[in-house]
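Right after this note come the structures.
Note that chain A is present in both complexes that follow, paired respectively with chain B and with chain C.
Presenting the complex of A and B:
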């Protein structure tokens, strides 16, 4: 409960900080929505010509793209530092968070809000509304699936970026796996054979951020819900475990700095 | 001649600098591998579902080699707009503007210097991946023929990106413009889907735009090289380079009067 109060306070401060530059905030939000719309236009062109990919049509793409955008946006807004955790670790900037009486990981990842995430978050709902699958119970499933997909995504970021405790700066690796996660998450899952699907549920859990949440939104099944629940709790547990294990190896940067 | 040698030296220094961290260079270039793999999955299924060996004049192998070169052009170009925006934000632009060289030519020399090895490595990793998946390109000589068009593509990218970067003189943060530009290049440049697969009306519009000269033209020339196509691609590129560089020069002259330097 204390942690929740702390999180709400930090998110409020982040929002106030972002709103200090309202024009910039709005530009980034609208720019990101336009960016997503233009990207999706390519899929509209593709499905207009080729109709479907092994039974996967443009409406399925709307839902998949929507849930992935909303989950990505939610993590950008609420846990923006998860994208730069490896940098924080390798530059010794965890010192600041270690000196505070709050959970280190939670404090570190929630200390930044990426304004453009609002554009992704909002665009996801628009995309879902355009899919033709919009119903009230579907919307409730959308929100639940978004929370679970965002948990998987945040955990994946923490997990991969925490490797910096062992290997130092690894921005290239982080970018590589992040791009792989987003790219594989957007593409129709029907493209992949069983071996590839195993990878998409485990090493790069893109299926848990795109295809499975989309399946759950289109129609409730216990199978998709349990896959999401197990995936989200499993990855979150693993991410926290790896971060804590890494933290034992952390050496102070002894740098005098101010976190803003 | 002396002026040219100054920018040639800047180009050479940047080129050598880009090799200073080979691990970084290689790591960045590895990104093309998952992209190529997923393109292979998508187009293999699409060709199979269409039940055709050739779609709009392109075989599966042509399409994948086309996408390899399109990705190489895109991933090879440096983020000029962001770099310019950062230098406006942190004030470091003051140190570039007061040097005895032209700001735009300096940016152009560094951009070209940064592009070369990035593109070579992307082409190597991307090419190797596609080669393993579908075999050698149908026209290997197309690679040599497309090189002038690839260089022209970078000049075009530079003109557009520098204009976006110059908008930082007024709005400081240009990220929204770069996202939108990138996606316009994706759609009208035929970055993820060759323009030949588009509806006819959209093909006509897209092929007349500078994005097509920057991506589609060189990539199509690579997979189906011919003298006629070479002349078409190069002449259209030249027209766009002239038009855009003229606009860029005007925008720069106007923008410089509105620049506010932060600290430095």
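Presenting the complex of A and C:
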């Protein structure tokens, strides 16, 4: 309960901090929505030409892209430092979080809000609304699937960025796998054979962020829900385990820091 | 009551080594070489509750590493530590509720927000209720004279103002002990004085213990009762500040101003004359060799005295002397 109050307080501070620069906040938000629209326009043109890719149509793409954008946006908004964890570790900036009486990982990742995430988050809902699958219970499934996909995504970021405890800065590697995750997340799952699907559920769990949540939104199945629940809890557990193991190797640093 | 007990504390870092130039970088890519650096080596000391303890040493002496182990930020390579009854690296969260930390080079205030917003956030982090947080902010803003600073974004405060807010923030949850790592770094004389006065006040009024690391001997002189001097991760001196002064401050500087002109060949046996003017003289002597009485007798015999100042050399010189001694002993040992 105390940790929830703490999280709400820190998110409030993040929002206050982002809103100190009103124009930047608004332009980032609107800019990201426009960016997503332009990106998705290519898929609209593609499906206008080919109509169907192994049973996967433009409406499925709307849902998949929507859930991916919303989950990405939610992690950017609430756990923005998950994208920068490698830098925080390698530059010795975990000291601040370690000197506070709260769980280090939770405190560290929640201490930054990436304002453009608001654009992604909102765009996802718009994309879902345009898909033709919008119903009240569909919307409820959308929210649940988004939370689980965001958990997988945040856990995956923490996992890859925590490698910095062992190998020094890992931000380039992490960006690489992050891009792979987002790219494969948006591709129609029907394109991949079984071996590729194993990779998309494990090494780069893009299927748990795009195709599986989309399948769950289009229609409830216990299979897709359990895949999402197992994936989210498994990856989260693994990420926390790796971070904690790495924390024992943390070496701090003497770099002068000018802001939190 | 003991608040900190450190026994044979050790911290060894693995440091990557690389030969000069591109070829060295390529070699290091395929066959990296590491060497061990002992940042803290067999350190043992105690600190009593409510004590003002100075922990000083040159760069790389192991001060910050020790503080980081005492707060649970770093795991030690060996030894035992108890801070307020907790083992820092095992009970980090519980300990953090009882202590405050300030790292002079690492701000904890949110850069884009006014300090009051960070104070309110800290109230939540330290699980204070809203009324208690407000009361405490009011008290600290008066104690640290920051009533006019609280609503200004931190990025717009001067370094001195910001440090005042940083130290105040570390005291929000009424810690029993605060660990200050270089709190006066980069500050001007007035700002340093401000910080020192506020820390002294909190020590006197709330009994909060202070462990302070600093490069600045002035911090030590103004605040601490006891000092530990470290070098190469080991204690080279540990005593009361007053004893440190008595032991090492035997050199006296004297400045005298006379009512009438004095002889240009003014001299006293065993005393170094630094400067002779028409109406004044500046001299230096070692009180362990030449008695203060005899020097004063010679000075007063030279004419009617208008003003006289006797001072000790700055503590920096004393500390430098102790480092030199430690270095010489090191060399002899080798």
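Keep in mind that, in the parts below, the second predicted complex is superposed on the first by the 254 of 260 C-alpha atoms of A that agree within 3 Å, B and C clash if a C-alpha of one lies under 4 Å from a C-alpha of the other, contacts with A are read in each partner's own complex, and residues count from 1 in each chain.
The criterion applied here is as follows: a residue touches a chain if its C-beta (ideal position, glycine included) is under 8 Å from a C-beta of that chain, and two chains touch if they have at least 3 such contacts.
For clarity, every value in this text was computed on a predicted model and none was experimentally measured.
Q: Are chain B and chain C a fit on chain A, or do they clash, once the structures share the same frame?
A: Result for chain B and chain C: fit.
Q: Does chain B (first) or chain C (second) touch A:99, or do both, or does neither?
A: Second partner only.
Q: Give one of first, second, both or neither to describe whether A:201 is in contact with chain B, with chain C, with both, or with none.
A: Neither partner.
Q: Looking at A:9 after the superposition, I want to know if it touches chain B, chain C, both of them or none. Which is it: first, second, both, neither?
A: In the superposition, A:9 contacts chain C only.
Q: Taking the superposition as given, does A:184 touch the first partner, chain B, the second, chain C, both, or neither?
A: The first partner, chain B, only.
Q: According to the stated criteria, A:45 is in contact with first (chain B), second (chain C), both, or neither; which is it?
A: Touch status of A:45: first partner only.
Q: Smallest separation in Å between any Cα of chain B and any Cα of chain C in the superposed model?
A: 8
Q: Which residues of chain A are in contact with chain B in one complex and with chain C in the other?
A: Shared contact residues on chain A: none.
Q: Which residues of chain A touch chain C in the complex?
A: Chain A reaches chain C through residues 2, 5-6, 9-10, 13, 16-17, 20-21, 93-96, 98-103, 248, 250-252, 254, 256-260.
Q: Would you tell me which residues of chain A are touching chain B in their complex?
A: 24, 27-28, 30-32, 34-35, 38-39, 41-42, 45-46, 48-50, 52-54, 116, 172-173, 175-176, 179-180, 183-184, 187-188, 190-192, 196
Q: In the complex formed with chain A, which residues of chain B make contact?
A: Its residues touching chain A are 23-24, 27-28, 30-31, 34-35, 38, 41-42, 45-46, 49-50, 171-173, 175-177, 179-180, 182-184, 186-187, 192-193, 197-199, 202.
Q: So in the complex, the part of chain C that touches chain A is made up of which residues?
A: These residues of chain C touch chain A: 13, 64-65, 68, 71-75, 92-94, 96-97, 101, 103, 105-113, 117-118, 120-121, 124-127, 153, 155.
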